[in-house]
Amino acid sequence: MTAVAPIFLYTDFGSADIYVGQVKGVLYGAGPASPVIDLLNDAPQFAVTASAHLLAALALQLPLGAVVLAVVDPGVGGARDAIALEADGRWYVAPDNGLVSVVAARAGQKRSFSIDWMPQPRSASFHGRDLFAPAAARIARGDVDWSAVTTKRELDVRLSADNLMQIIYIDHYGNAMTGIRADSVDQASRVTIAARTLERARVFSDVPTGVAFWYENSIGLIEIAANQASAASLLNISLGQAVRLQPSA
Amino acid sequence: MTAVAPIFLYTDFGSADIYVGQVKGVLYGAGPASPVIDLLNDAPQFAVTASAHLLAALALQLPLGAVVLAVVDPGVGGARDAIALEADGRWYVAPDNGLVSVVAARAGQKRSFSIDWMPQPRSASFHGRDLFAPAAARIARGDVDWSAVTTKRELDVRLSADNLMQIIYIDHYGNAMTGIRADSVDQASRVTIAARTLERARVFSDVPTGVAFWYENSIGLIEIAANQASAASLLNISLGQAVRLQPSA
Amino acid sequence: MTAVAPIFLYTDFGSADIYVGQVKGVLYGAGPASPVIDLLNDAPQFAVTASAHLLAALALQLPLGAVVLAVVDPGVGGARDAIALEADGRWYVAPDNGLVSVVAARAGQKRSFSIDWMPQPRSASFHGRDLFAPAAARIARGDVDWSAVTTKRELDVRLSADNLMQIIYIDHYGNAMTGIRADSVDQASRVTIAARTLERARVFSDVPTGVAFWYENSIGLIEIAANQASAASLLNISLGQAVRLQPSA
């Protein structure tokens, strides 16, 4: 049995739409088949910076050896490059538009390559299916001779490793995640969004139903939440909204 | 080849959200890999009683030997226990908050155990990923010595085996399922919701387009439906709404 | 290792709903397991003609040998037949209500059969789970003796091979696909919808942000789109809306 790495999808293709199935058809056809896992197919649409920060937090949860097929790509068909990045033991196949640049900026060990060793993509508008998926399949089965591929010394679009003081994702419960890593912050800090200032709680059940708070969520980010209610509705939060930190009172 | 049981996910984590993929990453990493099937990841949110009745109906459709990872868990991080229940040949891994208690109440053969044989979960807010998923993986590969685990004689939260006279689920067609098992009811009964009383039909195509009726759905429950239309919109039905039965006219 | 064909799901069962998981449970139980890939589970609801045209375009992207389990079936439980169609090297298992008839009309090589060799479906309302899924599993593992099955010379419901001058699908970005194959049209044509006439662009990034255009999409259809915006919202497009072509100015 050949060891084949699992492939995690991180895209804005839409979990209910026609795109993910086509990508999986290509991955299947490229066998021997990797396990394919939908990490997120509703990444913030067209929002490369928010998606890059969310990916950097989620990626730390993935097994070493994982291949992440990451596509949030409003510029598809234009001049942007396609890259393969290895960072701290995981591979990322992505457009070089900043999407994997937070992962890269925070990585201890990394190397990156242009994907110039694949056939020209069949379509101009769906590189996820026609370029990134077959490239990810080849990487997952160890079928690229990296010594023969020219290293790319720098990504073309580089976001910093710093926290992003914004709402980067709102889940279906109405929890609003920020781009701030909780372990970089004093736990007694308060979080301000619009005119509201929120205290920290350890977990949902520590506050009364319907009350908003912040906590360190399960991927290490500061998240604004409410017990058994939608914080996003309660506080009228939207994607990209600014967040501030205040020292404890 | 080792026989590994399939794992069915039954959660309110959201099919479009970031949580299911993380659970699957853990299940993959715990290999040898079980097949993982999404039974439902949009179970009625925070609604343990409705979710418990829907699960009891769906579970009867699953193959014997299946392991169900069931998480609707508004009290995560609080004091509620975690349990493994074996009922009529299927395993359930769940919070002990009532979610699997309708399954248990209706089971002929059952036994249950506290999940006190797992490491402390890494996060306080995502036991689906950090406690229930690795426990389900161990059960699926037959890697728990039940004789060494203390039996839990009673679940902490116990719902009854009886029908639930409410709307417990509304699907994307607008069909509204009740917690009433059709085989417990005279087929000539009528179903009343708000001010409307509905007759039974065998199947959608037996009634004119746009007309509401009730029928025994494919998981054995009384369902309020309309031919090629949304019963939920037509009759303004919402989750948790009360339903009554009337004898035939 | 037995060669087992992959099964692609093309349904209106809803990607967030309880139906797809039950179908997958049956496919799993029918083993040896085929890989099962969700091509689309949110096909236009109750809309057989639009779904038939979308399927005909998507099917060309699938690997040869694929088995497509295609169910958009408002008449379930009524008199319509169930069919297995082999067309240009792929199998389709479907209600005989027109859903696979565009595929059939455009196929070079085809043969079709009534599915009268399966047990009576258990439920009257969910043939996807109780009839089509087990039939697809048998076809995928090569376990049907076609020489012993009576050929069906003609489908009962036959749509033509021609383009459909309508909006057949709107994706979550707000891109609106027509039933018009781009390679059947002069590239200098303009597309008219309601009072708006649109020029062609090669790709999204060739037009300014927020501007609507048409292009040949990644499954070969004429699609109305807007760069980093929702064309459906901008132009108030709805499913089934008429589209016209105009020669170049």
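Note that the chains take the letters A, B and C in the order they are written out, and that residue 1 is the start of every chain.
We take it that a contact is a pair of C-beta atoms (placed from the backbone, for glycine too) under 8 Å apart; a residue touches a chain by one contact, two chains touch by 3 or more.
This structure is a prediction, so every number in the text was calculated from the model and none was measured.
Novice: Please compute the angle of the rotation superposing subunit B on subunit C (C-alpha atoms), rounded to a multiple of 5 degrees.
Specialist: 120
Novice: Looking at where subunit A touches subunit C, is over half of the residue numbers used by both copies, so same, or under half, so different?
Specialist: different
Novice: Could you please state the distance in Å, as a whole number, between where the Cα atoms of subunit A are centred and where those of subunit C are centred?
Specialist: Between these chains, centre-to-centre, one finds 30 Å.
Novice: If you look at subunit B, which of its residues touch at least two other chains?
Specialist: As it turns out, subunit B has residues touching two or more other chains at 15-16, 42.
Novice: Subunit B touches which residues of subunit A in the complex?
Specialist: Within the complex, subunit A touches subunit B at residues 6, 8, 15-16, 35, 37-42, 54, 58, 61-63, 66, 169, 171-173, 202-206, 215, 217-219, 227-228.
Novice: Sort out for me which residues of subunit A touch subunit C in the complex.
Specialist: 14-22, 24-25, 28-29, 33, 42, 45-46, 74-78, 123-126, 129-130
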